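Notes for the one structure printed next.
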Amino acid sequence: MTAIATSDTALQLTRDGQLKHFLTLDGLQRPLLTDILDTADSFIEVGERTIKKVPLLRGRTVVNLFFESSTRTRSTFELAAKRLSADVLNLDINTSATSKGESLSDTLLNLEAMASDMFVVRHSQSGAPHFIAQSVTPGVAIVNAGDGRHAHPTQAMLDMLTIRQHKGSFEGLKVAIVGDVLHSRVARSQIAALNTLGVAEVRVIAPGTLLPRDVESLGCKVQYDMRAGLKDLDVVIMLRLQRERMQGALLPSEREFYRLYGLNTEKLALARPDCIVMHPGPINRGVEIESAVADGPQSVILNQVTNGIAVRMAVMSMAMSGQVAERTRGQAEGEQA
Amino acid sequence: MTAIATSDTALQLTRDGQLKHFLTLDGLQRPLLTDILDTADSFIEVGERTIKKVPLLRGRTVVNLFFESSTRTRSTFELAAKRLSADVLNLDINTSATSKGESLSDTLLNLEAMASDMFVVRHSQSGAPHFIAQSVTPGVAIVNAGDGRHAHPTQAMLDMLTIRQHKGSFEGLKVAIVGDVLHSRVARSQIAALNTLGVAEVRVIAPGTLLPRDVESLGCKVQYDMRAGLKDLDVVIMLRLQRERMQGALLPSEREFYRLYGLNTEKLALARPDCIVMHPGPINRGVEIESAVADGPQSVILNQVTNGIAVRMAVMSMAMSGQVAERTRGQAEGEQA
Amino acid sequence: MTAIATSDTALQLTRDGQLKHFLTLDGLQRPLLTDILDTADSFIEVGERTIKKVPLLRGRTVVNLFFESSTRTRSTFELAAKRLSADVLNLDINTSATSKGESLSDTLLNLEAMASDMFVVRHSQSGAPHFIAQSVTPGVAIVNAGDGRHAHPTQAMLDMLTIRQHKGSFEGLKVAIVGDVLHSRVARSQIAALNTLGVAEVRVIAPGTLLPRDVESLGCKVQYDMRAGLKDLDVVIMLRLQRERMQGALLPSEREFYRLYGLNTEKLALARPDCIVMHPGPINRGVEIESAVADGPQSVILNQVTNGIAVRMAVMSMAMSGQVAERTRGQAEGEQA
């Protein structure tokens, strides 16, 4: 895999600043993020209708390219695409299978030649979606559904939508992200989005062994003590403990982790009384969050899921529009020349 | 899994007596069963059209939740949902996968939050669909596609539709169910439906080791001798020998079983000359039924398959209407209060 | 599996000469092949639209019956069917699973009874699609997606479409097929199509160990020396080296094969300067073709992929029309009698 492009912005935006791929939140400005949230808001209403369908991607072909399997994420993209009236092709490609005879590039070029309009890409290697957008099939809209430890931008945007729904705006908010930041592909995307949207403060709360070395440079404060970190919070975002990704003894034990960094009713009381509780799911009940909190009145975890469909519909329809605009301009310029 | 609700009726019907879930035939009255059969009849005609589609579930999301895999049953529900114009999401969830970190309830609540309208549930544990309808996601229409040894109500209803098609009505009919009643999820549903619809007599024909202890209390007579049991029959329903479910030596041998309880031309001649032969499939030729009978003029086995699509379309569309009615009333009452 | 019908023509055509199944190119005359190519041409335009959909198979049920798994081929048929607006059911049935209790015939009869209109069949045994069309479900349109070493007729037709696109017509063309002809299901179909469409010469270029004994009787010349064989060529079709199908030591080594029969820039220079290079994919780069050739200006490999969707849409819609015509005539005759 090549290095990630120095300018993500040039890669994912048209010259007019429209989204044409959705790879990362790095480099995206506040007006564009707000545009995504506003578009998603309009799709929330679609999900409440009897006929949950809009014809925006009718006759378009969306390929779910999952190099790393994730039934949950794939299902949300599949539903989002179907509600936009697209035709969906699900391909679960594990890396070993593609290496058997055909390169990743050849697989993608073949799918492009089948007149695919969009690839939703999940890959265990950071930068894979960028590589595809930049070097392989730039005319196919690429949506990042999670790449390595790098980013999971639709997850971050559904979190932003949930915060805005419950808090009205981002101004003055204090937000903490708690837990395994080191192995989280979503934490980086969340920190970027929160800063761009102008919250007052982003904190990360975790033991040192679960924090990346450069974490403060991402735009956040570090708190090792959860009780201190919860003070004055408007929003607390719990991360999933990625047990399967932990190599070696980063943690003394799950029980010890829960005692120190698990969110329970007693700790939550240290935050503001209207503090909302978020979690990307799936929840490890009793490992990072107490059931009473997950199911309690401050939890907005299921709202996040609902918002996930709306946000995915938003970025899919916007990226497709961007691709069409780019192609139309390309043709117009070709005719002028 | 909690105990099954004492009142299945309250669980699966709206206060107006409309179907809102389809879990079991226990407690459903004759007019409702007749209504299902009449609705299915109207869908039979749809299957004969060039364009086999009606817009009843357009824009609705149906999730096939198969905790126990069954390609055949899943396919019939998938086709039924697509012919109703629904969007379909297939999820094959084996129990081990859901236990890995996320509870069944959390999985279901997440799917509900994605604005799913209906779950078609297949589970190896009796009562799982009831549990979901009662305690987890009551606002999502639940259709039972087979739970443990308990019920397989759409299979029983497609059998009823097939009987009515060939016999005109249920009045005066003598019907036998032959074979492995003990392990059959469909036999219980069939006995319930036949009694409710008013046949003259239901017999079960099987060795004692393949009968549940309380079988007569379900509303049927027991015959250990097949030749005696076939006398005067209008309908004979063969069951599949569930070899994979038999633990230990309930049967001397397949060969011995076939000799005693297999249906062949010679034995079939003991029934009425217009007796029809049914089987839920897949057939074990030479184990419970002779090929000459399965493919003979009295066999209606393939009609059952065709009727299966129609019956599934019927219960899916009816349960969805019931959910909408319930929600509309709920809102109206909320506004009045 | 029974023997293949003596008259494939009678099997796959209606009495008016319309396609009703698409099993093999043997016996199909030039006007019909030209009709397929013209129909496919019209679908090429559909693939370039924003809304890549036509309603020709709306409300029809197409079942992808893959007894041998092939994600790539299955995906092209799935996309083709969806762009024709059909409902698609994907069934991956490996032979062991169907033998477990239910015969192939019973599986197919069940699918037919679910009101399926078309089976797209891939099977490791030669003749399986013919057997189905002839003896099992003659009223369901059967499309062969590759059977054993016998045929892969949609692949051959997409190759013909690609040749006609680039060369205008077939007249006077010299075409070579290079490589593992022995294990190729597509080579036989290609030789048949090229001869029917009237090219000037078909050559096969391969070591003797990779040629079937009767190869010249199929209508081609044999060349063991690649350099001599490339002379004056208009079209060179490389075959994939089916490493997984080679039993024993037919080849000294991959490296030796590449030296003798691999296509590189230097060898390609021996053909006509406007010679096009084709390959059915997936490519083994450096085994049968050099990357510089596969990605070079004479390569039309990705055009083949695009044309594959169009050709599949063509044969699917034509076979469906043929089935409808046959059924309508059958009913008319029944009424007259």
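For clarity, chains are labelled A, B and C in written order, and residue numbers in each chain start from 1.
The criterion applied here is as follows: a contact is a pair of C-beta atoms (placed from the backbone, for glycine too) under 8 Å apart; a residue touches a chain by one contact, two chains touch by 3 or more.
Bear in mind the structure is a predicted one, so any value in this text is a computation, not a measurement.
In the Cα superposition of subunit A onto subunit C, the rotation angle, rounded to steps of 5, is 120 degrees.
In a homomeric contact, the two copies may use the same or different surfaces; for subunit A and subunit B, under half of the interface residue numbers are shared, pointing to different surfaces.
Per-chain CA centroids place subunit A at a distance of 41 Å from subunit B. Residue positions of subunit B with contacts to 2 or more other chains are absent. Only residues 58-61, 87, 89, 91, 93, 101-103, 106-107, 109-115, 324 of subunit B touch subunit A when the two sit together in their complex. Interface residues of subunit C, counted against subunit A in their complex, comprise 47-53, 71-72, 75-76, 78-79, 82-83, 281-285, 302-303, 305-306, 308-309.
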